[in-house]
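By written order: A, B and C. Residues from 1 in each chain.
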Amino acid sequence: MGMTPALSVRAAGYQIGSAALLSDVTLAVPAGGLLGIIGPNGAGKTSLLSLLAGDRSPSTGIVELAGTAIGDFRPAELARRRAVLPQQTLVPFPFTARDIVRMGRHPHHADPANSRQRDDAVVAEAMAETDTLHLSNRVYPSLSAGEQTRVALARVFAQETPVILLDEPTATLDIHHQEQTMRLLRTRAAAGTAIVAVLHDLNLAAAYADQLVLLASGRVAAQGTPREVFDQQLLSSTYQQSMRVMDHPHRDCPLVVVE
Amino acid sequence: MRRIASLAAALVVIVAACGGDDTSDTVTETTPAPATTTTSTTQAPTTTTTEPMTDGVTFVGADGAETVITDTSRIVSLNGDITEILFELGVGDQVVGVDVTTTYPPEALQLGPPLPPARGFLTAEPVIALDPTLVIGDAQIGPAEVVDQIRSAGIPVALIELQTTLEGIRTKIETVAMIVGEEEAGAALADRVDAEVAEATELAATAAEQPGVAFVYARGPEALLLFGPGSPTSALIAGANATDTVLGPPVGPLTPEALAAANPEVFVTTADALGSLGGPDAFFELPGVAQTTAGENRSLLVYDDALFLGFGPRTGEALKAFVLDLHPELADNS
Amino acid sequence: MTGERPAAQRRRRWLWPILIGTGLAAVIANLGFGAFDVGPDRVVAILFDHAGVDLGIEFTPREDAVVWSLRLPRLVLAFFVGAALGGTGAALQGLFRNPLADPQIIGLSGGAALGAGVVLAIGPGVLGRFGGPIGGFAGALGVALAVYTLARYEGRTEVVNLVLTGVAVSAVAGAAIGYLSVAVDTPRLQTALFWFLGSFTLSTWESARPTLLFVAVSLALLPRYATRLNLLLLGEAEARHLGVNVERVRTMLLVVIALGVGGAVAAAGIIGFVGLLAPHAVRLVTGPDHRYLLPASAVGGGVLVLIADLAARTLASPVEIPVGLLTALVGGPFFLWLLHRTRAEYGAWG
């Protein structure tokens, strides 16, 4: 593992007008790490993800990809370094699922080493991983929300980037596909990808992320391993909901239940 | 005629398209139109020249185009007054097509369906389909692209200057006569028309009173026009020893204000215009009409469109009827 | 529609034979039929004669003049105008991520008519014959930028916003054209009708040439953006994540689209709904992939306008129906159906 993290944020703030959406956020994700961003609604999770993606520039501080300021990359270069799964992808035209996944290969088309065969192989592998091969010829807008998310995830995998950012990848999935998707992300991370995911489900976050950032009102309320962050009082006050943290009976991670 | 008709039709569509009810502004802006037509008449004899050729006539038209005419066996006329002149010249049997403004003579109406104006103007193919050897129209035939299209099919198109004065009728007749090679018949016809016009104006000159007249034109209630000084009808009104009471532009909108300012003793209009309004009762119900002297007396003279506005062979006849209608006391002297 | 990939590929194989076959039939019919009928064999003979080949079929000089000088420029212009509207319609639908986008519906045609009208009213000056298309281009581009700025919200265009913005822009442009046409001298009155109703009646080679150039440039450039338009359909943020320089592509596309629409409207007035009908019909066969959709929509739009113009010239012969009226008669109901379906499927966000 090199000394430079795959993705890092130093003292970043983000303001729109006089409203500070994020203040003083610092974090780093090494290759192979899976960072979960948690926090109540309006805490700034999506804003943070858009800074990480390079969609928006921080008002203060800096976001770096492999040691280079993210704003210094040209769009095409950036697309080979980080992939983004949005909360929902609406497509108002009847592309097939396979068409959508194939679009993930676009950043590689400028690469002479890339080939049509390689595209096909990567697309097929990504669809197999996300359990969407059987949807290949279905029209994307006709798929269920969960199926659409998995197809979109396959597209993100097909992009073959060292950094993957996901905005609530499990929100639309059933429990089986939630677990399957999180395992997939772990596998990807184990293969050397740096992953950042905004997660609503605290127990999924605790079970699969190796590091967590808890955001509250645009500030980092806590960060560290799930056991470090899952402080009963901190969670309860942050979410304004009385909660109990205990040990997961079968997994080596904390478990949170509503009191 | 065609110009007025297309102008009125155009206004209707524009007003509708604008979706506004502010018709007065729209119509006011159209008024420059007739001014150009009347000024051009004085130049007619200088810009229209004809000279005999060994194998035909070379004619420089009102549009500046030089046309060589070698064959007059199949003529298409694009104006009602020109059709009348052609029949009066004795070449009516060579006329194979006329446009919708032709309403006289009856033989001309036997030629099959008239050439339609498309959206107020002509299209090329129906003309070409008649396989003419010569097309004659006045300076307002257009658009120029359609004329070019007809010419591109190898058909000569002669466009003569527009004439809207009593004096200009001679020029018009002689020009048409030269184009079809009937100069002698043309001179005779011009003499006859001049004599008829002179007779009518001389008769009118004996009248003691000069009634105040306003000419109204309409293409439906949405397109109401008031013709004033400088318009074609003012020449007829002057010839009939009457006063054109309209103060405004040659062609302006008919508004209650303009009517009150004019306050004519007699309204004059055409049969088609009156028909488009729905008859005399509808006319007298137009805003402002009833408040004029002519409106109070329901004094309205109606003439055939082609007869009254044509400025062709029948203008002497039209003028005489107009004089006698305005000055009924002269009926005994005539 | 099953959307099965093999089926889509199979359908795509038939696309070009059908388009070309229909197109050739429309060409022969357009050149032959009219107030002055010329038989199809003679039409072919005349065309070959001009290519220096004598087929041994007799025809008269007048038939030659009608086919070659009168109808051919009109036909070529009609095809290119239709191609411009079909191609730019498909591109607009992709760019706005909205199946209801069409040059007329969103006001580009109105802007182009106004731009061309202004140039013609004040006189083209040194621009000459290019004045109309240049004015049309400027007008269409102005409206395109305005609509893009006004109708979009968070990277998407709401159907109602898009259509209403187009309605407002069209109304302003229409009123301005109406004002122009009465504020200048008489002959222009006819020009106003021409803009509102759309027509090829006045086509000559001289008037067609600048438009052909504008449309050709636009159609040549459009396919370069096909892949990026596909990515834009995922959403602007998603396209950016996939390496598309969204702002640049958007600006370039609007310019290229305005070139096509400006050129088309300058020569033929506002011919509505072609940009809607052609891409939607073609999409049923090609699917939404712009690499197939853009060229096929252009050719489809061209063929569609050829058929519409044939109907315009022959339905009420010898009177010509403005071709824009015919496309609106067919396109209007189609638009309403599409509006209903789009809202049913995607809600307000079409």
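Everything below uses one rule, namely that a residue touches a chain if its C-beta (ideal position, glycine included) is under 8 Å from a C-beta of that chain, and two chains touch if they have at least 3 such contacts.
In this text, all values refer to a predicted model and were calculated from it rather than measured experimentally.
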Each chain counted as touching chain A and chain C at once: none
Geometric centre: closest chain by C-alpha means: C
Between chain A and chain C, centroid-to-centroid distance (C-alpha), Å: 43
Rounded Å distance between chain A and chain B, as computed from the means of their C-alpha atoms: 80
Chain B-chain C separation of Cα centroids, rounded to whole Å: 40
Chain B residues within the chain C interface of the complex: 3, 6-7, 10-11, 13-15, 17-20, 26-27, 29-30, 32-33, 36, 113, 115-116, 118-121, 123-126, 128-129, 131, 142-143, 145-146, 148-149, 152-154
Residue ranges of chain C in contact with chain B within the complex: 34-36, 61-62, 65-66, 69-70, 171, 174-175, 178-179, 181-183, 185-187, 189-190, 192-194, 196-197, 199, 201-204, 207, 313, 317-320, 322
Chain A contact footprint on chain C (complex, rising order): 1-6, 8, 93-94, 97-99, 156, 227, 230-231, 233-235, 237-238, 240-246, 283, 287-289, 342, 345-346, 349-350
List of chain A residues in touch with chain C within their complex: 53, 55, 74-80, 82-84, 86, 89-96, 98-100, 103-104, 106-107, 109, 136-139, 141-142, 159
